[in-house]
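Please find the structures below.
Each of the next two complexes has chain A plus one more chain, namely chain B in the first and chain C in the second.
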Partner chain A sequence: MMKFYDPFILPFVIGLYFIFAYLGIKFAVMLIRIGKPERKKIAKGIFSVKTLSAVKEVFLEALLHKRIFKVNPMLGYMHMSLAFGWFLLILFGKIGTLSYSRDFFNPIHYAIFFKYFEPRDPAFFYSKTYFLLMDSFLLFILSGLTLAIVKRFRTRIFGMKKTTRLRFFDRMALTSLWLIFPFRLLAESFTSGAFQSGHFLSGTLGSVFAGFLPVENLMYPAWWAYSLALGFFFVSLPFSRYMHIPTEMLLIFLRKWGLDTGTKMSGYAEAQVLSCSRCGICIDNCQLKTAGETQANPVYFIQALRNQQVNPALAMNCLQCGRCEEICPVKIDIRQLRLITRQHLTPDQSDYHYLPVEQPVKADVIFFGGCMTHLTPGIVAAMKKLVAESGEKVWFMDEQESVCCGRPQLLAGEAESAMRLIEHNRQLITGSGAKLLVTSCPICLTVFVREYNLGIEVLHHSQYLLRLTRSQKIRPKPALLKIAYHDPCELGRGNAIYEEPRQLINSSAILVKTKHEKQMSLCCGGSLGNLQLNADQQNLILDETLQSLTAANPDIIATSCPLCKKTFQKSSPVPVLDIAEIAAGTWQHYIQPASQNQEKANIHELAENQLMN
Partner chain B sequence: MATFGFSILKDRQIDYDNNDHRLFRFIEEQEPSIRLCIGCGGCTAGCTAAGFTGFNYRKLNYLLMRGETEHLQKGIQQCMLCGKCKLVCPRGVNTRNMIFALKRAFKTPLWEELQKKINV
Partner chain C sequence: MTNIKKIAVLGGGVAGMETSIQLNRLGYQVDLIEIEDKLGGHVRNWYKLFPDHKPADEFLEKLISNLSATDVQIKTSIQINAFLRKEKKLCLFDQACEFGVYDAVVVATGFDLFEAYRKEEYGFGIYKNVITSAGLETMFLGKTIKTSGGNVPKRVGLVHCVGSRDEKCGNLHCSKVCCITAVKQAITLRQMLPNTEVFCFYMDMRMFGPSYEELYREAQEKWAVRFIRGRISEAAQNADETILIKTEDTLTGRQLKMNVDLLVLMVGMLPSKGTTVIGKKTGLDFGMNRFLKVKDEHYHANETNQEGIFVAGSASAPMNISDTISHARAAATAVDHYLKTTDHERFSEKNNIRNLEKALHEK
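And then the complex of A and B:
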């Protein structure tokens, strides 16, 4: 293959072989570390439709970047032009050389430096269209590159308040990536200028350059520069954020084949870490920013994880609200990665040998309030009232003393201790013979659904109350109240329950729209998942969320999580009630009729006037 | 210590001359809010684990602050981490982080040193 050789191709060729070798080894190690049961899933999925749908997703996400388009069209275009444009350039470049040389085994660099080896634009049967296309693709990429440079200095145009801080290898890779395409343009233009060839971009620029530059002498250095930029980019890629390009594709396949993150730092978790492109879209959506925390945002946490620099303060500082996962274009399991690191950092030392032996009570339905509901007795009172009205036979399992559901331990990375509590509660629940478990706490709900394997139906009380309303066992009292509903993180993003509480509220009162709803709802700040934030920082988050909720001047803030309720009550300007309290009509205790308010205001005015006189 | 001619029950005695505050300082660095405790006991009144056992967060916090490390490890192990204590705390003490900082401290050489001192 010495036919197409020149020393300047060496940086590119060396870089390319390096990256192929590196990726081959890295991916092989990752697949080995994935573990046996997960590898079986791969074997099962590889020859199924799942692979085809993975190919589709790779096309949509790794090349077109559909999810980033949804966040911001400009940002999406920037990513698409670089990824898809480069892909087209490589693909068509290869097709072109194949059509021309009719040698299937022509070397890779022949296609990349085609213009150097064939400077006179050789003719083959669709060569006109081909060169037109190649120039268009390059222009397409350059337009995205311009946006990328603008974005570094003016992030707000792209709908982002903050972009990520870069590390050394990121800078190196970024610089070489930015230089690749301008160098290609220069090399092709100089060559076109020297040989009077080229098309609308390279040809025009070439003749312009030829007018005042010694293009014959500049041509060769430009090709060297182009090759060097490519080589540098390939060599720095594995150590920079651009490792996400190859890894994301692997990740998409693995995910489609049904792998999940699990509870250990497996090869799959590693693939997720490497797939983070540090695009920084999560930064604006992470409420840690509101709390003044700039080190623990998802993107920096994953970066620290990749560089093995995770410390307890970083791992523990996450609300586990899941807003980052909603917006992440790569769909990385960020919450779970954080929990895995928590496990490693704090050894599980809990000792629950003191748990008592309790006797289950026979019932059809069990109500489990959970620890947090103990702090908001209004919810239990409302539930009791509603249950009495409905005539259902319900056992209030944890009315007196109760054992925790196990979720706080899981959130703190103590999986083994959690299992002991789970086992205790499971025996009580299955022993009662109930067919339905209702909980008013979304935190408990998550663990009941995911870890308990009860074999009976588990409902959140909003779903249960809606069911009772639909079957007309209870009739919520109508109320002329404007209610703003807050989606608890664990209920909404955690368990995808958005509609039931809204329908329940709508059955008796008026629901008003709020700024952050459903998938993008804010966290109350009281999160059990965060062990690091201090009270002041939590209050900053609380204030932000309350502001968003009270923007439409509601009479009441409703929520369906006792933790959210308790947190809001600290500083909410309007009463905060659980949906059970609204359905049961206990809201009347908190809201004074308008006339009474008026009376009060009059009295105040009177008193003030008297003082003035 | 000066003798005044009467005896004090050993259990009722806090000997600041002998108590070792290194552990407290180590934890305080990671969770400064533990100093804010006014000992109201709200944490312990609502505690889930305290319903079944003698677990007492307020007591443990005080023992730590006084440098009495003897009963800390056994005590902390009983916590169910539910976080009610943090919600009711009027001073905003980050109780759960204190517990985790302690759990990590139990794996440090400092703790081993303190253990040896207690056993002597």
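And then the complex of A and C:
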């Protein structure tokens, strides 16, 4: 029938056709579910340089795993050896068969089981080098496999505190994946032993085995085992976490073409869910662990999402801090996926008759403090002082009557409520004719930028104050203070504003380094995003963050989010100031008790040293 | 040398002074150690005491004269910051060197007032006419109650539970004395400024002591103090430096906006820094509210988890003065019992308790 046929190839061939058929249908359905506007983006991007850069990223990420390397070199090597090694094995295997058989249409399994069909290592163009390479690739993969096995049982060697828990299909796929390459090694070695062929790995092992084993009889079962392992792996792949291997490649293309996660569970969102390899890198970076929550980490949330097991508690149990996204090697839009699952969880029963009837005031600049700034009047007082100094015409829009920006409702999955509030505020803002909107609250900033479509410039007050400083309209008051700056999640990871607050502080005080800075900064614990944690759990996160911030013994903690400020004030050993208060020099009332603390602490240190001596 | 046992009492406030007096009367040699340069603690800053409006300095004078009739060694401006056990003795260290060796230690390091700037929405330190209950006592002592503009306030608001019973501040406990302090201060305000309106914003009125409830009634009937059940959500400063407060009158269910000339924050009690430091250095347990934990709330309210270390007064929980005096006296009898009991007796006492518990358990 066929030129290269033996019954043992059937598990492999069946598995392979199954996986091709499955992926074809699955990807087609996903692309249909992506929706029309997003599909237009694909049509636009597919014949552009974006596709080339996607190819490059597929090579760097799906094969070399560059991002995992950056986080953890050993883990990176493990992934690279398996993915890239296998890729090379397939690629060169095919090249070898083409070179030998001169038949472009030789069947796929011919390359996979080449050694079985051509046990005597036939000579062809550069065949010596070819066999040397093939043995090297196998060794490369086996080295990664060893690491994988060690990781499963000794997670800490990898510097990881936790690795992920497995499900049934994961176990099946994992076991067959682990067995594929040892079986290939055995099959090739036994064959080499029987035919006195092979190279540095297969040949050497083959002659060793031939010394004490009936390699002629073992050879055939070994090829069966190799084929079965491949077949099992292919069949279980779509139902296991290894679905991430093909889906991630699709995802990289879709992302490069500019697709957006959106607010519904679209095909693109599904592609992201399936692209999660459950590597578990996010677990150590998720502060829910500090709060004693081990079921709601991003990796388990995505797993539940894939299995349609997301309950309200799981959907709500996320700080929305975004630390997971910073470190996720696949760059999954984890925060947005969580928000998608929150929609319609809380029935919207709000009554909006309370919304005040207001008239906009003509101004060049609007300052919007937001609800949290109302609870931290020190920020408003400082802003007023600085604005007066600058001579800018600023309308403090929500000073008397304040309506929420809408972001808390969006975080709770109440999009309709949010739109009511957004519409109210938008009319006031556009009615004032202002060219610039300034807010001291990063939570408001996010929603102004993403949802309001104002058509005017929106700035965080750190950016605005820095601009006023640069144009010499204000002069930040010098303060001989050592300051530890806390990056608020919504400002830093949410809006990529890291430098402006630092430059503003540096213009009048001394900034000290802290342990978790910028992209890796911790959450204060007061997150509006988490509707599940209780006060004690929030305090655990708060304590962890305060400890990190005060490690260098700063005089004060500075931040640029009123919610972070309020949360820290609960138990901070040093005063907590907003950057505006530092610039305005309105902080004397905080500093008095702190300097006493410092004095006491110094005395304790002195006494302790003496005791030790 | 003599056989007289030596005791250190840490903290020279009401609890520390009374414990020292009682222990000395029982025949012990007592060192009373105070971190500040004067004895008296918080009472020194108070004008009158509830519920009988007794002048605070009168009470303090009585306490100090009783103390000076004893031979308690008073050591002020001393900060104890290290501790060691040497066999059965307790060694205290101040910043320089070993300070003394004692048979027992009583921790009477008391409380600190909640730092009002941590409850920023009330604007303490930001608005000129927001003060604390302690600040108002200082005004009483100076006999002048003026706003930042130098005027007599026409309307004063007193806010209860600032820094107490407030999850947002991280303090769940009730500080106990603020309700009655507000009633007392409201009456004093009305007495000193008969034309001034006084409003108290409360969550509940906790009139736990003898004649407190009567004083609360008197405040309403005789002095026309207005009590509004509602927590103030935020405060803002008007252009004339008066304070605009927002709250809800939860009894009528109406939102309320009001201007006051002076806003007084009834700041709660937290374990003092000294209490926290000494507790940590001597290995004492802390309770849920971060005050020192006693061995048993009912029967061993002065004993701690550390043998030979006792607690007196508000280092263990918020307390008014009369409860503090009782707690201090109880501490003295507990120390006395401890020092008169031999190791053997203590051992058999422990055994008896254990056997009793075992018997109960087996039942």
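Quick note on the criterion: the second predicted complex is superposed on the first by the 581 of 613 C-alpha atoms of A that agree within 3 Å, B and C clash if a C-alpha of one lies under 4 Å from a C-alpha of the other, contacts with A are read in each partner's own complex, and residues count from 1 in each chain.
The criterion applied here is as follows: contacts are C-beta pairs under 8 Å (C-beta built on N, C-alpha and C of every residue); 3 or more make two chains touch, one makes a residue touch a chain.
Note that the structure is predicted; figures quoted are calculated from it, not measured.
In the superposition on chain A, A:L421 makes contact with chain B only, not with chain C.
In the superposed model, A:L91 makes contact with neither chain B nor chain C.
Contact with neither chain B nor chain C is seen for A:V208 once the two complexes are overlaid on the shared chain. By the touch criterion stated above, A:S571 is placed in contact with chain C alone, chain B being left untouched. If you count the residues of chain A touched by chain B and by chain C, you find the higher number for B. Contacts of A:L375 after superposition: both chain B and chain C are touched. In the superposition on chain A, contact of A:A535 is made with both chain B and chain C.
Of the two partner chains, chain B is the only one that A:A313 touches; chain C does not reach it.
In the superposition on chain A, A:H589 makes contact with chain C only, while chain B stays out of contact range.
Of the two partner chains placed by superposition, only chain B is touched by A:V403; chain C is not.
Annotation: chain A residues 374-375, 535, 566 touch chain B in one complex and chain C in the other.
Only residues 374-378, 381, 399, 535, 539, 565-566, 569-571, 575, 586, 589-590, 593, 597, 600, 603-604, 606-608, 610-611 of chain A touch chain C when the two sit together in their complex. Residue ranges on chain A touching chain B, taken from their complex, read 312-313, 316, 345-347, 349-352, 354-356, 371-372, 374-375, 401-404, 408-409, 412, 414, 421, 526, 528, 531-536, 563, 566-567. Interface of chain C with chain A (complex): residues 79, 81-82, 84, 93-97, 115, 117-118, 120-121, 123-127, 167-170, 234-237, 273, 277. Of all the residues in chain B, the ones that touch chain A in their complex are 30, 32-33, 46, 48-49, 51-53, 74, 76-84, 87-88, 92, 94, 96-97, 100-101, 103-104, 106-107.
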